[in-house]
Amino acid sequence: MSGEWFHLLNVIGVAFFAVSGTLLAHKKDVDGLGIVVLASVTALGGGTLRDILLNQPVFWVAHADYLYATYAAVFVTVFLIRVVSKFSGYYFLLADAFGLGLYNIVGIEKSLINDAGMVVAITLGTITCIFGGLIRDVICSEIPLVLRGGLYATACIAGGLVYAALFLLDVSYGWCIIASLATTVFLRLGAIRWNWEPTIFKRGKKLD
Amino acid sequence: MSGEWFHLLNVIGVAFFAVSGTLLAHKKDVDGLGIVVLASVTALGGGTLRDILLNQPVFWVAHADYLYATYAAVFVTVFLIRVVSKFSGYYFLLADAFGLGLYNIVGIEKSLINDAGMVVAITLGTITCIFGGLIRDVICSEIPLVLRGGLYATACIAGGLVYAALFLLDVSYGWCIIASLATTVFLRLGAIRWNWEPTIFKRGKKLD
Amino acid sequence: MSGEWFHLLNVIGVAFFAVSGTLLAHKKDVDGLGIVVLASVTALGGGTLRDILLNQPVFWVAHADYLYATYAAVFVTVFLIRVVSKFSGYYFLLADAFGLGLYNIVGIEKSLINDAGMVVAITLGTITCIFGGLIRDVICSEIPLVLRGGLYATACIAGGLVYAALFLLDVSYGWCIIASLATTVFLRLGAIRWNWEPTIFKRGKKLD
């Protein structure tokens, strides 16, 4: 992937996650700068962990525009919430699903560039996606979204597998990205809409 | 800033946060080595994240005296609590406010030395301040102090802006430090005393 | 320690922690891929933090077999739980205690190789042990096991001191490992069996 495309996808992914973080912070009745903290953690947390694990310079420390994109997305969202009288939770899920798909691709791509194998790359893509939201939920003392089903991690892994398969078949970057993004967003939104759920464990069976 | 001053401020900041961590752990009725764990996380967490984000050697791994300062501050505080019959929560807030101010300066300074821009530096200063306390609160299953208002993050950012302004005006290091520290401590303690609070969001307005 | 031994101990420690993470996730009634997330965090979290703090390549990113060991241990445990009708919580504590002992040794060893002093090395060994479980508990919104007594951190530190003492007395690696592992496992399981508990603070004394 050319550096510019990569950069653009990353900025858009960060902005989407900043929007979903702001919407959730608002829902929680967090006030003042707490919103900026929570939204920033959601937007930058996953990518930060990815870069640390890859032993690379952290993206938003190296390039200040990620930080500007985050702050801008937060303030625009805050402004919109104040202006528009009623906001549906649907926008939160939509922003989150697109953030998920984009971040996943960026994570896999960056791992492959830094010589990680496919299994590690897909794992790192998924980490990039889920870690920001996981910290956000943990800070708010909630059981993280990712553990409550809804194909959250599954959607990332599926998107990653699609990307990997097309990549190995030498499909051009543009189609790899579109197919992977479509897979992740479709699975995630479909899981919410139709209550899809994987069952690895039989539920209701407990340890003593 | 000369290396020695920098080092000294850092050690004192760590010690202040270790004291506030110990006082909070005591309040929580955490016992045994849990106190040391909680106080160490509070004292070292923020600076650890700062160094990782800057891709620098983590300060307390590189120089063992930070670890000694933390352990010493914890044990002295534990000893004092056992000896003095009644401890006011005021000491916790005081230690925390000074820890906040000092850590903020160290964070900004270290970011600037490592070629970060001003916006990134102020963000990293604030992260240095709030991250330790944030983990401490998250571990104790509480909504973090920083999200509950009280100008916590605001005081750091204001102190950072004062430092940046004086720094750009070529004021000597000593005055930059004193002015920034005074701003942060004043805002933080004032916010507690007189209930100052910023309102970015209108409170009480919820998403569906 | 020869590189192969070191590698083997690390893989076994990771697998033990993956088993204990899976058993806990099952107990929590977490379903689907949430189990894999929770077990992976438990297994890899502590070692990841250790490598980041030492500014070394993160072990499971550099060598994919740690990731394979984790996933394998998770799926075997999930399979066993489905097959065996009744699982005692005892297996969880046993797997956790052995994970603790092994991870501790690997942590100390890796710190010493990277020129850390003894105090830093023992601190890092303990961090390697407790951090994975700490995140696991924090994610599940529980007060972490490590803060609830049971000599959790104490067992690691004692194992670390035994290792350090024998190491300085030039005892061969094999015996250092066995003695340190025995100390940690004995203290941890003994603390659970006979309710040993340290008291640094007098309990029940609160701050106002």
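Details
In order of appearance the chains are A, B and C, and numbering begins at 1 in each one.
Heads up, the rule we're going with is that contacts are C-beta pairs under 8 Å (C-beta built on N, C-alpha and C of every residue); 3 or more make two chains touch, one makes a residue touch a chain.
Keep in mind it's a predicted model, so treat the numbers as computed, not measured.
Fitting subunit A to subunit C on C-alpha positions gives a rotation angle of 120 degrees, to the nearest 5. Where subunit B touches subunit C, the two copies mostly use different residue numbers: shared numbers make up under half of all numbers in play. Per-chain CA centroids place subunit B at a distance of 29 Å from subunit C. For subunit C, residues that reach two or more other chains under the stated contact definition are 52, 138, 141. Considering their complex, residues 52-55, 116-117, 119-120, 123-124, 130, 134, 138, 141-144, 146-149, 151-154, 157, 197-208 of subunit A touch subunit C. If you check the complex, the residues on subunit A that touch subunit B are 23, 26-27, 29-38, 48, 52, 57-58, 60-61, 64, 67-68, 78, 81-82, 86-89, 92, 138-141.
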